[in-house]
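Common to both upcoming complexes is chain A, partnered first by chain B, then by chain C.
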Partner chain A sequence: MITPSGHKVYAIAAEYPTAAALYDAAKRVRDAGFKRWDVFSPFPIHGMDDAMGLGKSWLSAVVLAGGLSGLTTALILEFGPSWILYPLIVHGKPYDWKTVPAFFPIMFELTILFSAFAAFFAVLIMNGLPRWNHPMFNWDRFTRVTNDGFFLAIEARDPRFDQNETRDLLEQTGGQHITIVHED
Partner chain B sequence: MSERAEIPTPEGEFFESTRFAGLSLLLGLGAIVGLVLCLIGGIMSPLQFSYSWLFGFIYFFTLCCGCLFWTIVHHATDAEWSVVVRRQLENIALLLLALAIFAIPILLLRHQLFEWMNIPPGRDSALDSKRQYLNWPFFAFRALLYFVLLGGVALLLRRLSVAQDRDGNPGYTIWMRKVAFAGLPIFGLALTFSAFDWLMGLNYRWFSTMWGPYIFAGAAGSSMSLLVLVITALRSAGYLRGVVTLEHYHIMGKWMFAFCVFWAYIGFSQYMLQWYANIPEETQYYIVRNTESWWPLSLLLVFGRFFGPFAILLLQSIKKEPHRLAMIAGWILLMQALDMYLIVLPSLHGTGVRLSIWDLLCPIAIGCSLAFIYLRLVGRTSLFPVRDPRLIESLRLTN
Partner chain C sequence: MDGATAAPEVIAGEASTSVERPLARVPLVLNKRSFGWLTEQIAGAVEGRAPRWWWVAFAVAAMVAGIGLFCLGYQISTGVGTWGLNHPVGWAWDITNFVFWIGIGHAGTLISAILFLLRQKWRTSINRSAEAMTLFAVICAAIFPGVHVGRVWMAWYLAPLPNNYGIWPNFRSPLLWDVFAVSTYFTVSVLFWYTGLIPDLGTLRDRATSKIKKFLYGVFAVGWRGSNRNWRHYEMAYLLLAGLATPLVLSVHSVVSFDFATSILPTWHTTIFPPYFVAGAIFGGFAMVLTLMLPARALYKLHDIITPQHIDKMAKIILLTGSIVTYAYAMEFFLAWYSGNSYERFAFWNRVLGPYWWCWWVGMLFCNMLSPQLFWFRWCRRNVFVVYFVCMCVNAGMWFERFIIIVGGLHRDFLPSSWGLFIPTWVDIWTFIGTLGIFLSLFLLFIRFLPMIAMSEIKIVLPEADPHHPSPTGHHPVAAGGKERT
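Then we have the complex of A and B:
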């Protein structure tokens, strides 16, 4: 789909007067079966996850994997040298597995560090970041999103997307200033 | 925003004590029989009995203190989620006043429990340098002070909260917040120094600067577990059904998880520093508990109090499933008992575990008495603060 100005269509977007109106609209869009769409608001809206039908994020699985690899790294780097490669008595402490209390802090730190890295980079990737610009900013009203604007956008790549029907749906949910947002 | 919350009637929900008269009678009988048996035990074998009683007493003391802590934190942070469960916290915290009576045997049996009371001045220079703190008049005064302060805060917070049930005056919330601000340092100091007096004082040569936080971490985590059990029991009896939701369980589960980790963090910090420094004065505590038949119990504590619950409570689904969460909560309460057992009893049986009938009877006698008083207390007021200004937000909680 191409706009009159010759750009590809990114989404059809609407503005809502309140957070409650946006919340109700999100439930309607969810029930209509759309998958590629998003809502934008100046602040987090409690219960929006359910209203959008987002389900559980798989971020926690990535973080768990990061944490476990951090723990494994610490175990190998600590027990490898001091138990197997260079067994030395330091401070009168044992050098086999019994010295584990001395190693716990590092096991703990590396678990946390790798979890944090995993969380940080997974969040960037899942959100499609970093990027220079977002098509939504091609709509001048959208600048209100950090102030008092509540927006909902259904993307053109959604299989159920149809320019006229989607526009009708947004109109029925009480959306205002419904517009076509184009790609860069 | 959520669709399920219904605003309850301002009359609130009341626990019908008559429905549970049988249970109340059973607990009352258990308390009387248990306390009479304890009296016999105290006369027959005062040494073993004194340690067993201290174990039972300190177990319930930490649980009640923990509930007082959660009440104080609720007000000090102006929390939203805990409004619906706050009345039960207040009820359990008020049991501290009853616990003051159960502290009397500890003061009476002081010569069995605390070695430092039997050593005359001039015999041990390590003790002599601590005499300004470790002396009987100050010890007795402190014990009284702890209960006056902790019990006073618990009583005041519950009084104000119940008064708000009647007229809904938001001024009570402000007052409770002020009491909570004063209560925070009072709670921290009273719990820390009572742990010093009654637990660390069992061996006057040993010391740990982590002792206060260690006891606190166990108290906070296990009292949150107790709250989960109490709320689940009330819900299965048909109360609080439309009030406490899975979202509240999720938060209580998160707190159980958080304090499971915090307990391990503090416990390990205390252990690791003393293990690494390897100074006889400090390691004597752990040598007793990590040798002979105490060793398997110490290992069970490490795995049962931390690794097991940690792995299980990581899962979100467990925290949103009341009956499974209640099972974990019961397990944590059991582990808290083991923790207190491993603190108190090795001071008597340094050569290995020697179970005694009093180890079981003392906690049962104290527990039955407290449960009996709790059942009388819970029916007096609404099961949740019906006119708290934050009630609606709490009912509509979403994580």
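Then we have the complex of A and C:
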């Protein structure tokens, strides 16, 4: 979709005065059946995932995989050298199942370490970050999103998107400063 | 949806008068401050010119840090003989300082992770700076085991790297556990801290006036735009990092205590050490958090954000952990008597009446056991000067505790013919003071360039952040009774 000025339309966006207003608007947009839309706020709003119709984040599955790979790494790292490559008898401690607990601390630490890396990189990758720019930043009011602004944007590529009807919907939900956000 | 919200409206109205009013709590941000005010106050502190006191403090801290680095260079180039340790005291200030610093870090992780899991919302005022304190304390801590090995260039032997001698580290040694525990702790703390910083770096990016600031904050903000689709994964990652950091922080000081507990020395060889060390670490760490936060609060006028309620709660944690530590000290004496072991009994008499007697009476008894007991009184918890005095006592006392455990455990061993005392040299003393300088320099740089309070987190504790909060325009009528957020 192209505007008269020749810009490609990314979305129609509105600003809301409070977190509560944004929350209610999100429920209305969700019930109207939109799929490609998003809300923007300076902090996570409690219950907004449900208001947008989003489920639980599956990031925890990635972290579980990270933790398991950390545990596996520790098992190979410890038992490889200690039992096979260079068995070191210190204090006369033998190598049998009774001494296995002495290997636990490093297994624990590496499980935590790999899980934490998994959580960190998963949150970036799943959010498509880092990225240099985003169409929403083309809207000058949007700089307040990291301060005290609450925004909602419905993307043009949503199948239900219609410039006039979508604008009306945002107006009905109490959106202010409704504007067309350009792609570039 | 309209029908659904209409029904609980009545109940909410009733509840607010009959049930919720008596439970209303003191707000965590005073004077009904707005989101914009918080941004202005917190981000404003890092924008603009540095105040004069900052330059003075930074110059002094950096100079002291420089002396510390010189001492480290001198010690590395000359040898560990520049330190006062020798047989029988083979560990002295180096390991004392290591345990002291690593312990301080623990309060930061307790605030950022454990209090997060316990839904203690007051943590949002202090978590960012406490986490920064953790990182800087761990940096100071890591210096000591690194250089005390003597030949620093051989430190890579600590890592399980394949080498042409075919030698591997002993994975069943607590000293190697320590290497893994401390390096994991530092790495996870950095990841947790940086994840929390991303939305706030976005704020600084959006407020930046110069191109270079916009670029640098922009790079580190990784393009954060506050999207709820992003917040969804972000909150899960934050929760999981908190869940991972919680057992981690408890494990780190437990592993540090294993360095002692797995040996067979009287006063070291004891199963009480892991919980005793963890409680002591949190005790000392909270004292350091307050030591840093009380001046920062006064200098940056953060009285509406770090309120008397916050100081009161931290003082209570100091009282609790201080009492656990007192119990542990008493239990050590009881077990020394109850064990019937003459070496153990001698070692504890020696702690109280031996050559380092004054360290015990001043450091452990007065600073650690008695001074926090002032916090039983509300007046003391609410008076910043009393709080500061107790925190200073605890800072000193926790250093002495580690000194007594380490040097006190070593200087009179089983054979009286091999007894000896430890006397610090100037290199010992200035290396320790130097790490205080490194710690303060890093903290001053942190409050200069990064928001010292987590903006995106503290905004959540405002009543307006609640999606059910009644708006002034009457847009959302639920809970008109004025529910106070807890």
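The rule is short, and it goes like this: the second predicted complex is superposed on the first by the 175 of 184 C-alpha atoms of A that agree within 3 Å, B and C clash if a C-alpha of one lies under 4 Å from a C-alpha of the other, contacts with A are read in each partner's own complex, and residues count from 1 in each chain.
Going forward, a residue touches a chain if its C-beta (ideal position, glycine included) is under 8 Å from a C-beta of that chain, and two chains touch if they have at least 3 such contacts.
Values in this document were obtained by computation on a predicted structure and should not be read as measured data.
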Clash or fit, chain B versus chain C on superposed chain A: clash
When both partners are placed on the shared chain, which of chain B and chain C touches more of chain A: C
Touched partner set for A:Thr143, first chain B, second chain C, both or neither: second
Partner chain in contact with A:Val123 - chain B first, chain C second, else both or neither: second
Touching partner for A:Ile45 - first (chain B), second (chain C), both, neither: both
Touched partner set for A:Trp132, first chain B, second chain C, both or neither: second
First (chain B), second (chain C), both or neither touched by A:Leu85: second
Residue range of chain B overlapping chain C upon superposition on chain A, of 81-89, 207-215 or 297-305: 207-215
Overlapping contact positions on chain A, where the chain C interface meets the chain B interface: 19-20, 23, 45-48, 51, 56, 60, 93, 102, 105
Interfacial residue positions of chain A with respect to chain B in the complex: 19-20, 23, 45-48, 50-51, 56, 60, 64, 91-93, 101-102, 104-105
Parts of chain A lying in touch with chain C, wherever the complex brings them together: 17-24, 26-28, 31, 38-49, 51-52, 54, 56-57, 59-60, 63, 77-78, 81-82, 85-86, 88, 90, 93, 99, 102-103, 105-106, 108-110, 112-113, 115-117, 119-120, 122-124, 126-127, 129-134, 136-137, 142-148, 174
Contact footprint of chain A on chain C as seen in their complex: 1, 34-36, 39, 160, 166-174, 176-177, 180-181, 184, 187-188, 191-192, 194-195, 199-200, 202-203, 205-207, 219, 222-237, 240-241, 244-245, 247-248, 251, 255, 258, 455-457, 459-460, 464-471, 473, 475-476
Chain A partner contacts - residues on chain B that touch it in the complex: 1-2, 268, 271-272, 275-276, 278, 314, 316, 398
